[in-house]
Every structure is written in structure tokens, then in C-alpha cells.
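First chain A sits with chain B, and in the next complex the same chain sits with chain C.
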Partner chain A sequence: MTAPLLELDDLVVTFTTRRGRIEAVRGVSLAVRPGETLGIVGESGSGKSVTMQAVMGVVDSPGAVEHGDISWRGRSLLAREGEAADIRGRDIAMVFQDAMTSLDPLFSIGTQIGEVLARHRGVTGAAARARTIELLELVGIANPGPRLHYLPHQFSGGMRQRIMIAMALAAEPALLIADEPTTALDVTVQAQIVDLLIELRDRLGLAIVLVTHDLGLVAELCDRVAVMYAGRIVETADVWSLFDAPAHPYTAGLLKATPAIDDLPERLETIEGSPPDPSDLPSGCAFRLRCPRADAACASAPPLTHPAAGRDLLCWHPEPLPIAASPEAAHV
Partner chain B sequence: MDRVANLILRRLLHGVIVVLGVMTIVFFVTRIIGDPVQVMLPVEATEAERALLRNQLGLDRPILEQFLQFAGNTLTFNFGDSLWQRRPAMDIVLQRLPMTALLTAAGIGAAILLSIPLGIVAALRPDGIVDRTTVVASLAGLSMPQFWLGLLLIILFGVKLGWLPTSGARSPAHIILPAITLALPSLARLAMVVRTAMIDEMNRQYIKVVRAKGLKRARVIGVHALRNASVPILTLSGWEIIGALAGNVVVVESIFAWPGLGLTVMQSIERQDLILLQAVVFTVAVMAVCINILIDIAHRAIDPRVNA
Partner chain C sequence: MSSVPLLRPDAAPLVEARGLSVSYAVPRAAFWQQKPAPFRAVEGIDFSIGHGETLGIVGESGSGKSTIGRALLGRVPLSAGSARFRGEDISGLSGGAMRRTRRHIQAVMQDPYASLNPRMRVTDIIAEPLVVHGIARGAEARARVDELLDLVGLPPDAGQRHPGTFSGGQRQRIGIARALAMEPAFIVADEPVSALDVSVRAQIVNLFRDLQEKLGVSYLFIAHDLAIVRHVSHRIAVVYAGRIVEMSARDDLYTTPIHPYTQALLDAVPVPDPRKRRTGRATVRGELGAIPAAGCRFAPRCPLASEQCRREAPPLLERAPGHRAACWNA
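On to the complex of A and B.
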């Protein structure tokens, strides 16, 4: 297997406020390999966005990485701030959820893309202009030349998200982090952006981390999925194994709560209860109070297990995995 | 460029109306508050002397005719001779104007230049030491009457320490105390506005995006956040300049005997020299209009979304 690009090792991100200390991310470990698309799914507040913001070094104040490490091609980003600043925006780029507010309203889109080129590639002037036009064409902005001088408000939401993607790709990153890139867009525009991401990934060989709560999007785009709950990754697996046979009861609940187009039930199933208060998490497994399979054992922290090839799981009482779904389990 | 020229033209036209409005008010107020002749002549003057002066000043003619004459004079910048100095009032104003311009530029200029780094540093660490100090000092600066501040500075630096001159304008050092007195309340207001505007901007989504682009911190703060924060800063800076010219210099120049327009206002009021007072008011009104136009142009340069 190729060496991972991005590795998170037991990452803990906390927010310390006057009202107390909140652990938003509670020991997340994951790896993203070149060319791979990893989905991170979970409810709002599960820590998926904060995890990726920590990778980019843009966690909202007063949040801070308290423990663990983030490394890029084996080198810690947290240990070397200067080097990390060169890597962020160049090797790892991020597209955010809200395209409408993600661009600086006072600078032309040409300037905003150009400053990435100047910062990370030392490209300025006519060369930067030519490259910016190329990038805008790549993301499907028609007639980009004259539009370099346009301000963000002169574009629609979908166009702005395309511009954000062009800006993220400017320095030719190996990894693109997309944090709910389609949530704020119209349904038709969402589909266009998804198609664009697939096209760019295949054309540029990008690795993508897709943060989303949209399981349909995960099925469409991702190779692997990590399911987050209350600041922890509770299950990781390749996308088809996970959809076919979720092992964690939370994953199973999520999938049951998602309608399939050819099999619409009368009522969608829901997961009982609501996400736990991050400042007052239950001991052991954070899902246990909502979990149909929970028992006394769940009050202590579940161990990390590998019930099948490529699958990581944090659960005392997982759903039984069908043998056919894990033919390589014997080798692990 | 055409749009900017168009804007300036329209604002100038607007400005002429504003100045004429101000002058109309000044004209009628000076007629209402008393008879200029009563205060210009000694108490023992005879009725004939009063009638003569009244005739000289044109005060015996119908009020409408006087007003038209006054409006015509205003439009030609000719206000007549100062009653006190017996020479054209506008000459006195133009002679004093550079001193006030210098004091305002030094005082408000220093306030603007200092408030920006101070406000930014405070904003970067809300509730940090610099932030708390700035907020408390700003409140103190805002609550302190300017005349009292000036007197405190005189006592400290003039009397106790003997470091700085406190009266007149004979050397470059003479500007220091009046400029500080003029600057401090403006600095306090501006620093608060810079701080608030920068905190607002630093919390916006686009700042997170430019940080994630890996841009240098200086560019994130000094280019992206500061340009966005500049609109309120610029507006308040304009008000501070106008506020200084239209009022605060009167207090400051009087305390430090700084020979500018503010001192002229005090002297013309003491001597009931309404002609000179009108010339000063006119000049300040024109400057206020011009500064507003400059602020508008700068505003458009900062925020290209603003239309003419």
C-alpha cells in the first residue's frame, strides 16, 4: 500500500470557555492515501468539520488541538508551524460549505485566486493571469478572461463554489478537503458540483476528504467512509461494505434513516433520542443511551477492533457481519 | 473615472446647497440674537452714531434685501471687513486657516495612525491585556472633557516637568500639547471602532478561507480584514476631522493660544465681530463639505461594490 498523504493520530480538539471545557474531537485517527476519496459522515456537532479545520489550522477561537498529531507525508504539521503554513493551501486545500460568504467581497476573483499562486508557486503577472483563466475554465466558468475583474457578488452561489474549487486547486494540491461543499446550493447545482468534483478527481488524481451528512453523496463519490459520532470515529470501512453491512449500531441507524429511491418505506426510521450534549457525554460509548444493542459493558470505553478487512470499529456489541461481506477477514 | 467625476460634481452641487443653508441659518441667527450695532458701539454712543453705523452696515435696509446682499457676498467669498481688525474678514480667515489645518492634521492624523495598530492588536486577542487596556483607556479618554485634559497636560508637561511650551506657536514643539489634547478623545473613539470592526471581520467566513489558503498572517490581517474593516474606520475618521475643525479646535486653540480659526472664533465672539464669525463659519462649512466628498471617494476606492 502507498504511504498515506494525511494522517491524524489520536487528535483531540477542545474548546475552553468560561462555562467549561468541551471536547469537540475526542481522539480521531485516520489516514488518507493518494487518489483516495474518504467520506466523513455524522450528525451536526459530531466533530467532522472541526477535525478538518484542525488539519487546515483554522479552528475557531477558542478551539485548540490539545493532543495528538496531524502529519503530511509523514511530517508533523503541528510541530513545524512554518512548514505547515507552506503546506496548507498548497498541498492540502479546502473548500468550505458556504460559498456565498467564503470569498472576500472586496477583491476580484482574479486577485483572490492569484494570491494563492503568488504565495505557493511564486507565479505572478501575466503567467498568473493565464493560469487563473485555465483554472476557471477547468471548473466550468464560461468566458473567464473578462471575468477575472469581477467581484464575488457578481456570481451566483453555484458559480462561487466553482470559483472556490478553482482557488483550492490553484497550487495543485494532492488533497482536497471538501466540507459539505453542496449543502448551501440548489439541488440541480449540487449535482453539477458533485459531477465537477468527480471529474476533477479523475482528471487530476486528487485525493478528496468529503465531509458531509449526505449518505447519497458518499455512495456516489467515496471509496471509504468514516462515521463520526460525538467526536470519535466509530466505524471506518470501504463504502460498499459499510452500506451493505454496517457493523456499528449508529451506522446501521443512519442507513435505515436514509430513504432508498426504489424502496420508499411508509415512514423513515429514526435514531431514538438526540445527539448528546458535548459538555456532558455519557461514559464509555457516547451512543449507548440511544443504542438498541447497548448493555452494561457499554459504560466502559469500547476497544478498537477490526472485524473485517479495512474495517475499524469502536463497539462492544456490533451488528453481526455476514461472512460473504468480509471474505478477507481471515487474513487480518 | 467618469463616474467619479460625476460623483464629485453632484456632491459639490450638494455641498453648495449645504453651505448656503448653513449661511442662511447663520444670517438669521445673528439677526435674531441681537442688534450688532448695540454690541459694536460703546454704551454711551448717540442715536446718530448708531444710525450711521447701521447705514454703513446696510442694517437699515429691508431684511430680504440684506439677505440677498449677504448671499451674493457669500457666493463671492466676500464677507466685508472685520469689525474688530478693520480689514477683509476673509484675509484674516485665510491667514489663520493653515495653523488650524496643521493642528488638525497633526492631532487627528496621529489619532488615526495610532488607532489602527492599537485597534488591530486589541482585536487579535479579545480580552487580552492590550485589548482590556485599550478598552479601559478609551473609556477614560472618552469621558474626559477636552478642556480639562488640556489643563492637566499643561500642569504635567508645562508646569511640573517643564518639558513643553504651553502657549502660542513660536516653535515646532508648541504644537505637541495642543495636538495631543485634540488627538486623545479621537484616538479613543477610533481605537474602539477599529477594534470592533476588526473583531467582526476576523470572525467572518472569508477570513477562515484566506487563512486556509496558507496566506501570511500579515496579509490576512493587513489586507483582507483591514480593507473590509476600513469602511467604518474611514467614516469615523471623516467625522473626527470635521468635528475637530467645527468645534474641538475652538476649545484646544483657546487653551493653548494656538493662533488658528478656533481662537479666531473665540476672539470674534468676545469682540462681537459678526462679520469675522460669518467668514469662519463659512470656511469651516466649505471644508466639511470637501472632506465629506473625499471620504465618499475613498469609500468607493475601498469598496468597489458601492455605486455612484
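On to the complex of A and C.
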């Protein structure tokens, strides 16, 4: 197995607010290898974005990494501030959840992409202009030349999203983190962006972390999936085994609650109850007040187990896994 | 899934839009420039909604879905056409008549965070329309609120709390309880579940169905998610660039789509099953917002576009019983 590009080790991120201390990320460990696409799914507020913000070093105040480490190609980003600033934005680029707020409304898109090229690639002048046009064409902006002067608001939502991707790619990163890159878009435009990501991955060997609510998107694009609930990764598996046989009751509930377009049961399956308040989590397993399998054991925190090859799990009473249904066997 | 059966399939429609059109003023780029022509957000929209019926509206971002909803709520003036409720023109109403009609038409909006006053207690938020319309006050209003909280599945003590102490799904329930307080016959639900967590989305969709079954409410249900729309609607209209391009009974749209945009929408829906992966999913390309001055508005992205399409806009015609589409070549 190739060495990972990005590694998180027991990462804890907290926010100290007037309402008290919120542990948004409570001990997350994960690894992303070259050319791999990792999906991160989970409840709203489960810490997906904050985890990735920590990787990029842009956690909003009053948040801070309180514990754990983040490393790039085996070297800690937290220990070496100067080096980390170069790696972030160049080797690791991120498309943020809200495209409109991460583009500067006052500067043309040509200027903004040019800035990335100058800072991370040392490309300026006519070469930068040519490269910018190339990048915009790559993400499917028609006739980009005359549009370099446009301000962000002069593009539609879907186009802005693609401009964000072009800007992230300008630095030629080895890892692209995309936080809900298609949420606001209609599915025809979403499909174009998914095609683009697949092409970049296959052509450039780009590694991708895709943060999303949309299990359809995960099924379409990802190799591996990490499921987050209340600041922890509760289950990790390759995408095929996860969809075939979710082991964590939350993962199972999430899959059941996602209606397929051609499957019309009388009522949709639901997960009862509501997501927990991050400043007031239940003790032990944070899912236990909503979990159909919970019992007294769940009042203490479940240990990390490996019920099958490539699967990590935090649960006392997982859904039974089929015996030896290895993903490779099913797939070659 | 069978939809909730229609209450009175033969009765006159509850809501009717005929040639409904809305334009927005476009600001000048600079004060010395000429005022630009208004932007025609939706044009020539025709549909009707029966008693206890749900009309789903789908279409891409910016296509005019919310504008249609706003027009039926009387929140934007029509530039042409009409919107009628029980035969009365909504936009033509004023004063008392407007208020009498408006109480039967309520809205549930996309953002459960922005649409509730954070300083009010939930009881007061839900009771407010009752008091404003002089329907109930005091103990009577409180009793009604308790009933409503129960109906939408919130705990009885919820009334004493402020919206900030509820999750997104619970806030959406508060919004629905508030809309139901007036016992409306018609609810405009504009992306009511888009902002919600996957795990609570299904709860709210089931609630909408239950309420229709129990109370016979009609809905205009606007959503991005084609699977959700299929679950709640009786009929569905597909909007593209301000026009209805296809409309049919729910299942016909999914099994026999006619318009190339509808087909592209359905083909592009990701399937939550990694074994059904497709490569090269995008069947239409090209850019959003490129709306031609003449002809079919979908032509720049359409795989079937021909000369005629670029010259003449296709009319919305009946292709099969209850199934209309606007396309020259499909």
C-alpha cells in the first residue's frame, strides 16, 4: 500500500463559546492515499467541515485544535507553521461549502485565479492569463477570455462553483478537498461537476476528499467512506461493502432514509429523534438516544473495532455483517 | 407508493394559474445608463391544483420556482395572467377580501432558521396568526397551539421554549404548525426539506403526507430532489428558464418523460448504489443562464436542437392524456 498523503491522528477541535465548550471534532483519525477518493458523510453539525477546516488551518475563532496531529506526507503540519502555509493551498486545495463567500466579491475572477498562480506556481503575466483561460475551459466555462474581468456575482451559482474548483486546481494540488461542492445545483449541473472530478482523478491522479450529505454522490464517486456522527467517525469502509452491509446503526438508518427515485414505499423510513446538541451530548455512544439497538452497555463509549477487512467501527451492537463478503470477491 | 387519494377529483380546482407571468426590475449598472428592461422571471404559467392535491415543481436553480410560489401567495405582482383561489383573483384582492382569502393560503419556507423570530416563545409564534386574524386568543389560542404541537409531533413543553433551542427538523415542524394554525386549504411549501438533515427529511415528508390525509390540504411543493418530489406529489411540473416545459401525473413523468430537459434531469439523478455507477453521466452540457432571445430556451444545451428550435418557441401541448410537453422534436 502506498504511503498516505494526508493523515489525521486523534484530532480534537473545540470551540469555547458563551454557551460553553463545544467539542466539534472528538478524536478523528483518517488517512487519504494518492489517487484515492474518500467520502465523508454524516449528520449536519457532525464536524465534517470543521475537520477539513482544521486540515486547511482555517478553523473559525473561537475554535482551536486542542489535541492530535495532522500530517502531510508523513510530516506534521501543526508542528511546522511556515512549511504548512506553503503546503496548504498548493499541495492541498479546498473548495469550501459556500462558494459565494469564499470568492472575493470585489475582485474579478481573473485576478483571483491569477493570485493563486503567482503565489503557488510563480506564474505571472501573459502566461498566467493563458493558464487561467485553460483552467476555466477545463471546468466548462464557455468562452472564458472576455469573462476574466467578470466579478463573481455576474456568474450563476453553478458557474461560481466551477470557478471555485478552477481556482483550487490552479495550484496543481495532489489533494482536493471538496465540501458539499454541488449542494445548491440542479442534478444536470451536478453531473457535469462529478464528471469533471472523475476526469481529474483519472488523468492527474488527484486524491479527493468529498464532504457531502448526498449518498447518491458518494455511491457514484467514492472509493472509501467515513461516516461521522457527533464529532466522531463511527464507521469507515470501502463504498461497496458499506452500501451492501452497513454495520453501524446510524449508517444503516441513513441508507434506509434515503429514498431512491424508483422505489416508492408507502412511508419513508426515518431515524427517530433529532441530531444531538453538541454542547450537551449523551454520555457513552452519542447515537444511543436514537438507536434501535441501544442497551445499557451503550452508556459507556464503544471501543474501536475492525469487524471486517478495511472496516473500522465504533459500536457495541453492530448490525450483523455477511460472512466473508469481501469487496474484491464481489468485484473482480 | 400510492399518493394520498384525491378528495374530490371532479370538483372545480382550488388554485388556478392562467398565463401567470412575473417580472423583476433590473437595477441599472450605473446611474447614467438607461434603465434595463425588466427581467421576465416566469412567463405564461398554466396549471390548476385540486382539493387535497399536491402539485410538485422541479427545475434548476434560478428557473423561477420560488417566483411561482410567491405569486400564489400574493407576494409579488403579476406582470400578466392571473392566479385564482376558489375562483377569486388573488392578485386583484385588497383590504378585507385579501385578508379573508390569505388566511386560507399559507407558506412553509426553505430556511427553518431564518423564518422564526428567535425572541418569541414557540406558543406565541404559532398563535400569532390566530390572534392577528381575530380567530382565537388567550386560553383558546393556547389550547389550539397544544393541539397543533401534537399534530406535528412536537412535545407539549415545546411551546414554552424559544426556536433557538430546537434542531432544524423541529424548527421546520414549528413552521408547519404555524402554517396549519389557520386551517389553510392550500400551502405553498418552498423547498421545505432541503435544509434538513437526511435523517429528519424523511420524518417531515411523512408529516406532509399525513396532514394531507387527515386535513385534506392542497400543496404546491417545490423541491430540488426528484426522489422526494415523487414521494409527495400527485402531479409534477418541470420548469426551465421561467416556463413549464413538461407536466404530467407523477408516475408518467418518471416512466415516460418527453422533454429532453426532463430526461436529462432524470438521467442525472445519482443512484445511491455503487453497483449502478455510470461513467460520463452528464447528458446535457453547456452553461446555465444562457437563455437565447428567440426560440426554445433549452436549445443551447439540447442534444435534439434543430433549426426550428432556434427560431420558434415550442408550445406546451397535450401528448397523452394529462401529459403536456413543450418540444418540437421529442
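Here is the rule we use: the second predicted complex is superposed on the first by the 322 of 332 C-alpha atoms of A that agree within 3 Å, B and C clash if a C-alpha of one lies under 4 Å from a C-alpha of the other, contacts with A are read in each partner's own complex, and residues count from 1 in each chain.
To be clear about the criterion, contacts are C-beta pairs under 8 Å (C-beta built on N, C-alpha and C of every residue); 3 or more make two chains touch, one makes a residue touch a chain.
Every value quoted in this text rests on a predicted model; they were computed, and no experiment measured them.
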{"item": "Touch count on chain A, higher of chain B and chain C", "value": "C"}
{"item": "Which of chain B and chain C A:Leu185 touches, first, second, both or neither", "value": "second"}
{"item": "Touching partner for A:Ser49 - first (chain B), second (chain C), both, neither", "value": "neither"}
{"item": "Chain B versus chain C as contact partner of A:Ser71, first or second or both or neither", "value": "neither"}
{"item": "Chain B versus chain C as contact partner of A:Val58, first or second or both or neither", "value": "first"}
{"item": "Which superposed partner A:Gly253 touches (first chain B, second chain C, both, neither)", "value": "second"}
{"item": "Which of chain B and chain C A:Gly89 touches, first, second, both or neither", "value": "first"}
{"item": "First (chain B), second (chain C), both or neither touched by A:Asp104", "value": "first"}
{"item": "Partner chain(s) touched by A:Thr236 [first = chain B, second = chain C, both, neither]", "value": "neither"}
{"item": "Chain B versus chain C as contact partner of A:Thr132, first or second or both or neither", "value": "neither"}
{"item": "Residues of chain A defined as touching chain C within the complex", "value": "43-44, 140-142, 155-159, 184-192, 194-195, 198, 213-220, 239-240, 243, 253-255, 257-262, 264-272, 274-275, 277"}
{"item": "Chain A partner contacts - residues on chain B that touch it in the complex", "value": "204-206, 208-216, 219, 224, 227-228, 302-305"}
{"item": "Interfacial residue positions of chain A with respect to chain B in the complex", "value": "53, 56-58, 60, 85-90, 93-94, 96, 98, 101-107, 112, 115-116, 119-120, 151, 153, 164, 167"}
{"item": "Touching residues on chain C, where the partner in the complex is chain A", "value": "1-2, 59-62, 167-170, 196-203, 205-206, 209, 224, 226-228, 230-231, 254, 261, 264-290"}
